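Single-structure report; data block below.
A, B, C and D are the chain letters, set down in written order, and residue numbers restart from 1 in every chain.
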Amino acid sequence: MIKLIITGGTIDKRYNELNGELYFPQTHIPEMIQQSRCTVPIDYQTLMLKDSLEMQEADREQVGLACAESKEGKIIITHGTDTMVETAKYLAKIQQDKTIVLVGAMIPFKINNSDALFNLGCAITAVQLLPKGIYITMNGKVFDWDKVNKDTKIGEFKNE
Amino acid sequence: MIKLIITGGTIDKRYNELNGELYFPQTHIPEMIQQSRCTVPIDYQTLMLKDSLEMQEADREQVGLACAESKEGKIIITHGTDTMVETAKYLAKIQQDKTIVLVGAMIPFKINNSDALFNLGCAITAVQLLPKGIYITMNGKVFDWDKVNKDTKIGEFKNE
Amino acid sequence: MIKLIITGGTIDKRYNELNGELYFPQTHIPEMIQQSRCTVPIDYQTLMLKDSLEMQEADREQVGLACAESKEGKIIITHGTDTMVETAKYLAKIQQDKTIVLVGAMIPFKINNSDALFNLGCAITAVQLLPKGIYITMNGKVFDWDKVNKDTKIGEFKNE
Amino acid sequence: MIKLIITGGTIDKRYNELNGELYFPQTHIPEMIQQSRCTVPIDYQTLMLKDSLEMQEADREQVGLACAESKEGKIIITHGTDTMVETAKYLAKIQQDKTIVLVGAMIPFKINNSDALFNLGCAITAVQLLPKGIYITMNGKVFDWDKVNKDTKIGEFKNE
């Protein structure tokens, strides 16, 4: 059983046709997992639906608490890419006895040419295979929490 | 660097609007990798584009040869799901010193509701994390070659 | 109010992931109309879900009967492209007092790169603007029933 | 031959993965026409790529000039929905000897669940069938320029 904690981020954004802006009407992660014919048992928890640029320290504490309270030792967190590394660093300080993988997308699942499904496949596989620790799966790579940064100019995660 | 050997299968099928049938005009795997913003270096080799039900022993020998000749120790093989297990068993007999992950899809990449991108994400991650051996990544799971079967009634891979 | 008679055809085909073939689990026309934000009142009638190559004389009689029994004077018929002209000719013999537009698609709605929504938009508009008669809307054109043929080599409808 | 004047609007917006905003990297109208297998000859003119809320009087004058200079008597204008009615009214004052159809979309072509292709099919058909005048095709309906308004609360065009 995998615990999947949903916090929002680009991966879950939708287009609002009434005002032309992107928003979070609901999460699409279970729909994505179903489309993927994924048969791994997953326990979903929608913690919040936020752009990660708007995440505050209190939000990260909530994420940390959800990880601590999780009965499952294997946890995926869907998260906006802009502060994903920051949340990973926060979790590394407080949570050492579980395998936690953070993942998001550069293009929303519901927009053409999205990387969302691929990234989710990376996270599902990584969380099953990796030992305890905090990781990020983006761009087809598995990064340790303390050796990764997002290059915002080109929109890619890189080893640092 | 990952070696990605393309053999066809549902993942690469397209709809032929002139006769209403599915066919293989070309592979879409590099397009899928590009959409995924995957920055892992990949060396592509299009070995064949076949429905795996039409794969013969000579085709499997060709796949085996490509694996043997690969300079890379990490190999992904895209493959039809119907005889994926058979090819995995064949490879297990002849190839023991590389990490080989077979992957495909139940729905073509170019058809609505496809599992292709998710599965490809699983394979890319698995091949980077797993020790030497022959594996199948389908349905979000990582299977050892000798402990998996496709349940054709429901279209899912299962441990046996 | 427009009467929309559904007979199947490529526009409504789906991919069957269990056997890799295309089939008709149900119609998607109401879903397509909803996606189009079309607010024209429509009365749907699913008459059959057939590949038009398999349509028999009895099927055409059924289509003709449905047109005759329609209380609405404006009728759209979704239909396979292969024998669409044949059905149009049949209807022209028996039904002169209504505006009937036949429409289909070269690529199923549920497959990448489909012309289905565009064609449906053409049909909805044509049926509202045209006088009584039998018409086909394909390739962005409006054809009279007696001046059209499908060029099967290139998959396009042309004036003849 | 149809003249197709491109001005931007939601129909042509794309998601910018570097900043998470929608923008206009280029027009997608020719790509949409190609996907539609539309064989009607079209002369494209990309006049501007603007959100219609940002259109100024000078922009409308430019649109009017392009209509006046068009050798073709049948003109489609792709346009943002928010001020589409305003542009139609402007054109009605200055251009009486051509058939002009304005069209747009509530959801961009490149976003899931878009009405773009359907609307374009409506416009292509309407411009071929309608007499001289200024029209709007949205929601599957054909509106005269002086009898239509956008209900911004529900995002639908209505007769007024």
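Here is the rule we go by: a residue touches a chain if its C-beta (ideal position, glycine included) is under 8 Å from a C-beta of that chain, and two chains touch if they have at least 3 such contacts.
Since we're looking at a predicted model, the values are computed, not measured.
Using the contact threshold fixed earlier, the set of chains in contact with both chain A and chain C is B, D.
Each chain gets a centre from the mean of its Cα atoms; for chain A and chain D, those two points are 38 Å apart.
With centres defined as mean CA coordinates, chain D is found 26 Å away from chain C. Among all residues of chain B, those that touch two or more other chains are 106, 113, 155. A list of each chain pair in contact follows: A-B, A-D, B-C, C-D. Those residues of chain D that touch chain C in the complex are listed here as 32-33, 35-40, 106, 113-115, 117-126, 128-130, 137-142, 155-156. Across the complex, chain C meets chain B through its residues 10, 13, 15, 17-18, 20, 22, 51, 106-108, 110-113, 152-155.
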